[in-house]
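In this document, chain identifiers A, B, C and D correspond to the written order of the chains, with residue numbering beginning at 1 in each.
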């Protein structure tokens, strides 16, 4: 799972995060984090009583703040955007031409395709979330540059579904 | 959403539960419960500070125990099985011929179809859960009576995927 | 038999009051407003009543609306908490007229003591020393200047109906008095629905010491000793402790100030929980400041050192039931308690900082009580008080309490909003505070927070991501999808 | 400077100890075992050490393995909690030899007092009245019968190394003595790793009253007054209170029993927290029963009425630091505390009932402390003590405490496992308990729980389903899917 983190000052950290399969004998998860070749680090993560703990040596553990907010983490004086999986263009400021999920959901229908000419207000995607079908409309007139979703796909928040160029 | 509840003594309660769309002005969810024609009742449900409250008159509220266990609810001296959506044959005792999800997941592949002759140990479904692909195998030799899942489908626990007849 | 008791407030105090209502076998009724549909105090209430509107004037300060709800929902008693309508005589009277029990003192006591101008006169008549200043309300800047000239600058300009530091300003000369007069009037009006102002002598390097009173309807008036509330910023208390480290073991002064408070309360046949506030000079001479005719934010530290449940007893008093205390001898001090007000504010600018709590967690040592209204997802709204929690630490001695406080503060984690936690941590280690040597000017004397360590390293960011990843795994393990 | 302190236990006491270790600025080290990889006490520990194995004999009772881990992880001090190795002289000695601090009394004190046979002799020598019975260990049924014949039936058969009611049985005649001898031996061996047994006179309608001791290495020995532990079932305490409603305001007896305890502790130059247990007849005459040379399950009620942090002071004593208490006068009683042991047991059969906690929630009144190790998903294992939490209620008086207790118990919700909550609720309303009139036979006298209301109505089932539905909605709102 590729991660992109952009903080308020626009500084970007990107890394690869892979959760290793859990063997029954282990009560924790092993996670590999790579910020580029050679630079790979293993973390051990454990969920204990609904709280999350991290360790590098399986002995010394510290609790991680359990953030419940999906697409954005806000520190005491530092706002951060986190994207999982697909790296959106426009980074932090997903604009009217970038259709980003603002809640987790499942793609019911994709009503457009790359190259299609769309105008503001056109429904391009139907996203099922909270048991309701939400029509995701284009914010601008333009041409569909790319479609990153397919029907049946389950998405997290902050996931860029469609990019439109004016 | 159809519900089937079978308690330890085998007594079964089944009802239709439909969550009405939430209007922005409301901070709670309206749920209709029907145990058969005429007998319909509206409940109001509210999630407050991660706890769940129920009301019938929007004034008097009481807290519901927040059960985290998906397919089975165990009361202080009463074991209950709950099925959502699809009613499995075999009710409580799903047997080796009934492939029931024991964890939530997403169908990656369906490797069989109705009428197919299968033998014990054949992998019939690949279910992705916990980021791992799980091979769901037949527990008996027999003929596939019905397939209730399709690829890409996201399932809860206790969901009957495939029924096999000996 | 159980009564419907309206908890006419929100936030942590509404939770505290609802707990007491339930403890006494009654039915807590709570309000929710459009700007706070998920008000956490509802969890402790059996009946939820909607107050339409998103600003306090149209909700928690909207007397007529509240009175109509009281009729509609057959409320039998009302606890006002603090702030809002807690010291509003009109409200108390209207309830009295309806035959509804107001959980507070009788209206006349509020009128006399809740009103600073009148209470000062009552104190004078009772022979209780008071700070020189205006006898009644000051209606014009001219009058204010005349009084200031009499009692000499610096003077304190404050709202008649005020309390908790809101609607207060120190003025060192006519110019400052002119500059502040109108703003304070406006603040008084918006915060308390009453623009009346007072002018009084401002005492240098004072201690704010207050005495807790609990009284019933049969003429029993008891004190629960004093609280030291001198750690203030802009006249807003931020740390309180009991007993006072300034009075320390001077039992003579302790007895004198506590008995003075009881005497004053008896003067108005006080019949509920209340607080008599004094200003104490460095020679331990004290002047009556005002009386708060309501439960106070800092009541828990008194509860912790005396074990007297003030809120429960306040309710029992209102219902004409006997108090848990039978005689003054039942009230003893054991241990030392400190309260830290946890406020959503910018640690650098020190201004209120609304926001949404994204993560909330703590691991406290034994001996910590946390009265709060926080949960992950809780929204701190600009319309409401930024004070969202009170961390109360109690130990056998002040040293023990400080030992526990340091660890408790360190292990309180609030993410998503800015808080004054760092300020509390600095104060808890600051030598003068540790020595118990501070006046109300303490905060302006010690170094404020300059910068709070921020989420800088890549590692820190990665760990955040790991935390999220783990969340998905956990929830994914429990959740059913549609 | 901070030391690595091994919390050599699990469950609620491991959490309590780890809190104290952190409070004092040290580093808590915790164990986890294969049968409890998600041990909740780890949350309070900075260092987690794996003890392979799934039964206590190969883990928490495995001295050699634990000693090797102590070396491997450079542990500097060990707190044993209660049970397991907490009163094992060999363990204490081995630590002493390694130069590792054992947070408990010096080995000789454990040997003398931890061993019931020897302690009885020590008491006799010190002029402390004791219950007639065997002077030393009873190795054979013949010897047991001989002693029984001397002191007359009924007699009590109990484990030398025992405590907390485990390994105890009343025998009314030779036949019962024969029947019980071997089983109790086995229980003693499996529970405490020591098969030694004692035989003593069984006193009718007794009160179990114990005195809390806290002492340092400089010869200071203080008492923190008494606890009434007469609400027992099968010699297992289930409700304790402090002070004793039986001693009540008989200060003479209170002083006498407390001073006797101090005298005995001084006899063995006791230097830690410990408890001297007495059996008190209805004429308030008392006999020394045994001394527990460890922290006890019920220590919180003493902490709540005296504000003395027993666990923290126990650690300070072991480190040779001064106690929070400077003189006996620093220890005073304020208020009344009651502890309810929340156990995973069948409310009807009263047998331990392991299981998985599926939902856990509470809304307590002010004045409640809950020491527990419960979380949704927590598994109560048959290998471990079914006691999973201690609900501690404190109020200004016993009446106030009972008022709060009733509401607290009612609002404690544990689903998925069977608990003794219903039993506690019945007792809290039972007239003799309310009146404070009960002996150790109380439980066998009152009506036990016959049936606990079960999830019957369709509506109840439907509400469960609604709760689930709502969970999915909520989590669906937060969770990201893969």
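Criterion: contacts are C-beta pairs under 8 Å (C-beta built on N, C-alpha and C of every residue); 3 or more make two chains touch, one makes a residue touch a chain.
Predicted model only: the values in this text are computed from it and were never measured.
*Asks:* Decide which interface, A-D or A-C, involves more C-beta pairs in contact, and give its chain pair.
*Replies:* A-C
*Asks:* Please work out the Cα centroid separation of subunit A and subunit C, and write it as a whole number of Å.
*Replies:* The computed centroid separation for subunit A versus subunit C comes out at 43 Å.
*Asks:* Go ahead and note the Å separation of the Cα centroids belonging to subunit A and subunit B.
*Replies:* Each chain reduced to its C-alpha mean, subunit A and subunit B end up 28 Å apart.
*Asks:* Report the inter-centroid distance (CA atoms only) between subunit C and subunit D in whole Å.
*Replies:* The computed centroid separation for subunit C versus subunit D comes out at 39 Å.
*Asks:* For subunit A and subunit D, what's the span in angstrom between their mean Cα positions?
*Replies:* Those two chain centres are 49 Å apart.
*Asks:* Using the touch definition from the top, which residues of subunit B touch two or more other chains?
*Replies:* 19, 50-51, 63, 68, 70, 84, 106, 130-131, 154, 156
*Asks:* Where in subunit C do residues touch at least two different other chains?
*Replies:* 43, 376-377, 468, 471-473, 476, 478-482
*Asks:* What graph shape do the protein chains here make by touch: line, ring, star, complete or other?
*Replies:* Shape of the chain contacts: complete, all pairs touching.
*Asks:* Using the touch rule from the top, collect the residues of subunit C that touch subunit A in their complex.
*Replies:* 346-348, 355-356, 358-359, 361, 376-377, 413, 415-419, 452, 454-455, 458, 461-474, 481-482
*Asks:* Please output the residues of subunit B touching subunit A within their complex, sorted ascending.
*Replies:* Touch residues, subunit B against subunit A: 19, 21-22, 106, 130-132, 152-154.
*Asks:* Within their complex, state which residues of subunit D touch subunit A.
*Replies:* 32, 37-38, 40, 42-43, 45-49, 73, 375-378, 473, 476-482
*Asks:* Which bits of subunit B are touching subunit C when the two form their complex?
*Replies:* Counting only subunit B, the residues touching subunit C are 27, 48-51, 53, 55, 58-63, 68, 70, 84, 103-104, 129-131, 154-157.
*Asks:* For the complex, give me every residue of subunit C touching subunit D.
*Replies:* Residues 16, 19-20, 22-25, 43-44, 303, 306-309, 311-312, 324-325, 330, 332, 334-335, 363-367, 394-397, 399-400, 403-404, 407, 411, 468, 471-472, 475-476, 478-482 of subunit C touch subunit D in their complex.
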